[in-house]
Amino acid sequence: MPRSDNRESAFWPERVTVDGKEVRTAFRVRYAETDQMGLAYYANYLVWFEVMRGDFMRALGVPYTELEAQGYYLPIIEAQVRYAAPARYDDAIEVVARIKKVGSRSVTFVYRVEREGKPLATGWTVHCPMGKNGKPRAFSRELLSRLRPLTDEG
Amino acid sequence: MPRSDNRESAFWPERVTVDGKEVRTAFRVRYAETDQMGLAYYANYLVWFEVMRGDFMRALGVPYTELEAQGYYLPIIEAQVRYAAPARYDDAIEVVARIKKVGSRSVTFVYRVEREGKPLATGWTVHCPMGKNGKPRAFSRELLSRLRPLTDEG
Amino acid sequence: MPRSDNRESAFWPERVTVDGKEVRTAFRVRYAETDQMGLAYYANYLVWFEVMRGDFMRALGVPYTELEAQGYYLPIIEAQVRYAAPARYDDAIEVVARIKKVGSRSVTFVYRVEREGKPLATGWTVHCPMGKNGKPRAFSRELLSRLRPLTDEG
Amino acid sequence: MPRSDNRESAFWPERVTVDGKEVRTAFRVRYAETDQMGLAYYANYLVWFEVMRGDFMRALGVPYTELEAQGYYLPIIEAQVRYAAPARYDDAIEVVARIKKVGSRSVTFVYRVEREGKPLATGWTVHCPMGKNGKPRAFSRELLSRLRPLTDEG
């Protein structure tokens, strides 16, 4: 998996870096994402995890758009977040993710949200690949062979 | 157009009322919709307008889901909001809407957001009907004949 | 705890019912809440849980706005969702919640999302009361005495 | 106003460039921002405008966080969007903004959303500076002297 370089093209706007089996992406907390407590609203962490997954798959060379073009969707069947410290407007946060495990019928991502190296939250999501017809659809061998090396066991 | 009764069914959860050419719906500002100013974030008014349109079309007897099943989408080509006074968390707000004008190729909704009868915002959206192929698709005569009587001229 | 009656006032727009220790609220999936899979986006379930908590506390006679006025915030320290079946645009869904446990320093809500009685998702959130200064602040005895009878042990 | 350099620090994650009186920022459409039409939901353009304003003020050397620390809020009193062509998931879009006019009591931003140089939408927002007490509060001379040179007349 090549190290991503986000400096070459106006069309690679995000800052994504790959370090071994971890992918890291950075962005700022939006005003829209705050609530009247003055903190980032808790549901947005799931949005950030999804931004991360998009960046992850792109860094892996299998952009999620391509996955959908191949007829795969990755609906979530389970999601968990533990919130350790709040994120605030304009904070430059980083989300780090890796694939914990993958099989032909499910994939588990784990996430860490950081600000200046300090953990803000952790979480995971479990996805089951689905075809366009809404029915389960096993990952192809080719996809599995790309995803497996990224897991802890791979 | 029959007056909507939202009390009969657990599956008509919203409070929608029809008064002449105006439809009115009520709901509360969500915590997720606030920002760190302690006010409802400005983009949410467009979400509320969309909730209103869904309630409007349902009250008219042409639920938006049915419209889409008939192959019509109603993408927005223009939207405006004027914010007069802020809405806050848990405020019971009401959105009132009517159709300002409709032709075979566009429809304009106007909106008023109120709290206890006091105006909070006004706005309008212009939509051009589109087919599933993403191309413009004129409203059928049947749809037009239902929408026209609701306009100021109708 | 009195059974809520949402029919008396334009300012009680939601449909909330109380049944023993469970509170139930109903609303429709918004267009804004769908994604290009054609399903309700997964983060919105956490928004719905928060709508539920607001309705829950109001039904209990301790509206969340009042809690904040008393200087309590209820930030989330853990959240989990299990997604069993997708929700779609305009679905009239119901969220049912109860308090699983409560102590002076934390409260756990559990949730069930249903459509026509069929479960769509389950989840829970853990909250730690916080003062306006951002520091932990134990629930007052008075608040605890209202919340405890609602738990499984209560 | 110095040209922003987003490559030096992990804590300047966005790609912001300044060209004369225009500021430009780039990011990708999130999955959360799509709807079941398969397009970016229309309210998100107002969110993107706000991201743009944050980047604009930071590029100008007056981060919005600092503005709030000085006791200024910038609530929106009017917003308009014209949608020319749809944005889709994962599109790398660019938002370009400038200040159309500024006075001690209001500021107008204009925006252009582009994808690969092709316009997707245009819009504007009008803001009235407000103090922490929720009352109008005129921009200080110092702030005005920074903002004025950026306008068409400046």
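What to note about this one:
Residue numbering begins at 1 within each chain, and the chains themselves are lettered A, B, C and D in the order written.
The rule we apply is simple: a residue touches a chain if its C-beta (ideal position, glycine included) is under 8 Å from a C-beta of that chain, and two chains touch if they have at least 3 such contacts.
All of these numbers come straight from a predicted model, not from anything done at the bench.
More C-beta pairs in contact connect the chains of B-C than those of the other pair, out of B-C and A-B. Residue numbering at the subunit C/subunit D interface overlaps substantially, since over half of the positions present are found in both copies.
Rounded to whole angstrom units, the spacing between the C-alpha centres of subunit B and subunit C is 26.
Rounded to a whole number, the gap between the C-alpha centres of subunit A and subunit B is 34 angstrom. For subunit A, residues touching at least two other chains, in rising order: 31-32, 37, 39, 43, 47, 50, 89.
Interface residues of subunit D, counted against subunit A in their complex, comprise 7, 10-15, 26-28, 30-32, 47, 50-51, 54, 58, 63-65, 89-90, 92, 94, 116.
Listing the residues of subunit C that touch subunit A in their complex gives 37, 39, 42-44, 46-47, 50, 73, 75-84, 86, 134.
Partner subunit D is touched in their complex by these residues of subunit C: 31-32, 34-39, 41, 43, 89.
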